[in-house]
Amino acid sequence: MKSAIYPGTFDPMTYGHLDIIKRAANIFDNVVVSVLDNKEKTPLFSVSERVNILKEATKDIPNVSVESFSGLLIDYCKERGIYVIVRGLRAVTDFEYELQMSQMNRKLSDHKVDTVFFNTTLKYSYLSSSSVKQIAQFHGDLKAFVPDFVADLLYERYKNK
Amino acid sequence: MKSAIYPGTFDPMTYGHLDIIKRAANIFDNVVVSVLDNKEKTPLFSVSERVNILKEATKDIPNVSVESFSGLLIDYCKERGIYVIVRGLRAVTDFEYELQMSQMNRKLSDHKVDTVFFNTTLKYSYLSSSSVKQIAQFHGDLKAFVPDFVADLLYERYKNK
Amino acid sequence: MKSAIYPGTFDPMTYGHLDIIKRAANIFDNVVVSVLDNKEKTPLFSVSERVNILKEATKDIPNVSVESFSGLLIDYCKERGIYVIVRGLRAVTDFEYELQMSQMNRKLSDHKVDTVFFNTTLKYSYLSSSSVKQIAQFHGDLKAFVPDFVADLLYERYKNK
Amino acid sequence: MKSAIYPGTFDPMTYGHLDIIKRAANIFDNVVVSVLDNKEKTPLFSVSERVNILKEATKDIPNVSVESFSGLLIDYCKERGIYVIVRGLRAVTDFEYELQMSQMNRKLSDHKVDTVFFNTTLKYSYLSSSSVKQIAQFHGDLKAFVPDFVADLLYERYKNK
Amino acid sequence: MKSAIYPGTFDPMTYGHLDIIKRAANIFDNVVVSVLDNKEKTPLFSVSERVNILKEATKDIPNVSVESFSGLLIDYCKERGIYVIVRGLRAVTDFEYELQMSQMNRKLSDHKVDTVFFNTTLKYSYLSSSSVKQIAQFHGDLKAFVPDFVADLLYERYKNK
Amino acid sequence: MKSAIYPGTFDPMTYGHLDIIKRAANIFDNVVVSVLDNKEKTPLFSVSERVNILKEATKDIPNVSVESFSGLLIDYCKERGIYVIVRGLRAVTDFEYELQMSQMNRKLSDHKVDTVFFNTTLKYSYLSSSSVKQIAQFHGDLKAFVPDFVADLLYERYKNK
């Protein structure tokens, strides 16, 4: 059974992430979406909030589960016994960073953990969690970018800021 | 059962192609390597020579088969009932071309045929069929770039030119 | 009155070109779409066929006219008394080539002729005249890429090949 | 009457910005240069200082005015009734970021607000507000990069740091 | 006698840096490796620690010396009477930033100080000081990336964090 | 004594090439400019014409000599006992191709032959032999791009075409 991990910050998940999740779920038997718990950053949503958003958004896709991890991705892959990482590619700058990460991960795992890339669906190619947060901050329209319940959480969060 | 098609010109196959084939064969149940029969180009090796080279080089990988096709890739995918295309990415210029092709193929197939990308293993990242042919032409050393039997075919071919 | 020239090969015009024409026509008082008559290339459609396609496709945009030119773009701009060139940008490789051309044109005109760039509308970002011709050759569906009358001309042309 | 907005941080304005302003003023009837008041950043110069620098530097260009704005650019465009954004492109990394922003702005405005790009004049292509600040900090020569009165303001500012 | 300066942050030096140092030492009579003392950043290792690591790692290369500098690179070059800067290039994003810096440095020195670039050896092309620090933080294996004594210093440093 | 080879097609030499030659001659004891005799291409100028143009243009630089070669660059380097290749970089697309060639050359020479890169001087960054030929063909002004005697040769050549 072929499983894959889709790691990320997901602060918050956008339709761009959801598109990659669905396409990976078409190809792999199981897809573990895993939220990186990075102690050095100050995200808008906590790890458990981000996990819950992803769980809600993927509840109808049977072969997707949602988790979180801290530390090195490669250690987490070994621990979970999953040897394929899934990543999306939007642009050239993404491409170079992702390529370096995937080379590093192959080296650190003695070439056991490989990465497969999906190109972003065109209509989400300009989309990022940070642009979504910026729009939310100024009460812009989010319905093309995130599910409604995520938009509500974003507006709520910025009301208190 | 998840199958994937790895299409290309393979004139001739290099260790860079073989690396992508092996890594795809680790992830997919079946990998069909398919040589494009492009009537508008004048390749060094005929379609059947290129198919034979690939067959010889992949004979020990049980879930890999080798074929050829002409016409639109997307028609060939439908005909074969395979909905995943595999491609390797070496560099930024590759990336843009490949991304445009994969968007076109998703559009032409009503989003049914998707493309997954592998990054090239570093030691093959500067390798291409055309650089291999150029080296062969001047009797340079090919052993790091293609299997020995392919090197012999290349030297032989250029002797007669 | 501000006029602009949109030069190109247009062999044939696609919806990607038409999108740039419409957006340029929103900004400039007049837009002259001009087909490059390049003696060194062998296009699928003659210069007059390409001009006619563009005329038909833009007949409802009052401030657009269609012409052809040969020689240096900068000489043609001077002759027509138009000092703005319009170009579309799809990708990074486009960007570098276009940037070099625009620098060359500014130099050759003593900085009198400037270039303004539009980014391609996302849904046309993978589209090119050559991919359209390749699809036409194998009777693929063109309705998302060119107007119907252009598709018919393409199928007709390849029937005779 | 065609107007355009040239938004930016301008901390401080360089000759690179001034070049884009002049070229946009050649093409559009009015150019509104507008300083982004971003509460989350700590610029070297206040919004009113940055506006004053731009006013002084553009005082001889009759169709240029200087303002400031906060919030989403697209809301500001609607409020001012201006539907064209002007941006300069220096390099590939600029290009990708600017392209994503322009796609986002078209989406947020129902394709009403468009962006046109100018390539940077070669002699300013390595120039940025942050490199200018770094040079000022160590008393380097600024006369090729900013007007003299801006250089004086920069040296003055860093004397007190 | 041709000398060159190889400036950088080196926090800490990796095998990627050491590779550039050795290749520069093959070409230039003397190579001065110089650690940038940037007061605005908070590095993991102090300037003198970084200098000592470089001295230890290069002790067997007779024509390499190690120093530190603060302020503008171009002033430091003039002070040391060295007119060639050496830099490594890993990727396209590197390339653009480095190109802008080298153009700026040529301008600031009246074209007296030039920059020569080496491409990174493939096996180090995904390597950076920050990825090394991230791996150290989670006790990952560093032996392919930095000399053993640097790995020990890194583990030690993060133990106390 | 450190020597370097600057290989190229030089059909014909432009001020961009001459700039790289001069800057390489500042750094290396000897610079051998070498014209590639590529039997598969049909250049405008013969190998001996291209060599003569380069000889005339570099006659006042004592440490520059001009030659030609055919076959693999790496064999020519070994034959001449020169282990440094000099190349200019204009743009990102250049960069990727050049990087792949330099990796190939290091591999083919057991890491004995290295490549150093110079960035193109800004005012020549849009310049190429092919754009110069295109301008010559239509009698455009060449004085900013090639020496006068090269411009005359170009106009003469196209008169007969």
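Going by the order they are written in, the chains are A, B, C, D, E and F; count residues from 1 in each one.
One rule holds in what follows: a contact is a pair of C-beta atoms (placed from the backbone, for glycine too) under 8 Å apart; a residue touches a chain by one contact, two chains touch by 3 or more.
Just so it is clear, the structure is predicted and the values come from calculations on it, not from any experiment.
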| item | value |
| --- | --- |
| Chains in simultaneous contact with subunit B and subunit F | C, E |
| Between the pairs B-E and E-F, the one where more C-beta pairs touch | E-F |
| Numbering shared by both copies at the subunit E-subunit A contact, with half separating same from different | different |
| Rotation angle superposing subunit A onto its copy subunit F by C-alpha atoms, nearest 5 degrees | 180 |
| Mean-CA-position distance for subunit B and subunit A (Å) | 31 |
| Separation of mean Cα positions, subunit C and subunit A [Å, integer] | 39 |
| Subunit B-subunit D separation of Cα centroids, rounded to whole Å | 47 |
| Sequence positions of subunit F contacting 2 or more other chains | 92-93, 96, 99, 103, 122, 125-126 |
| Which chain pairs touch, all of them | A-B, A-C, A-D, A-E, B-C, B-E, B-F, C-D, C-F, D-E, D-F, E-F |
| Contacting residues of subunit A [partner subunit B, same complex] | 2, 23, 26-27, 83-84, 89, 92, 95-96, 99, 102-103, 106, 114-119, 121-122 |
| Subunit F residues touching subunit D - in the complex, by the definition given at the top | 92, 122-123, 125-126 |
| Partner subunit B, residues of subunit C touching it in the complex | 90-93, 125-128, 131, 134-135, 138, 140-141, 144 |
| Subunit C - residues contacting subunit F, complex | 71-72, 74-75, 92-93, 96-97, 99-101, 103-104, 107-108 |
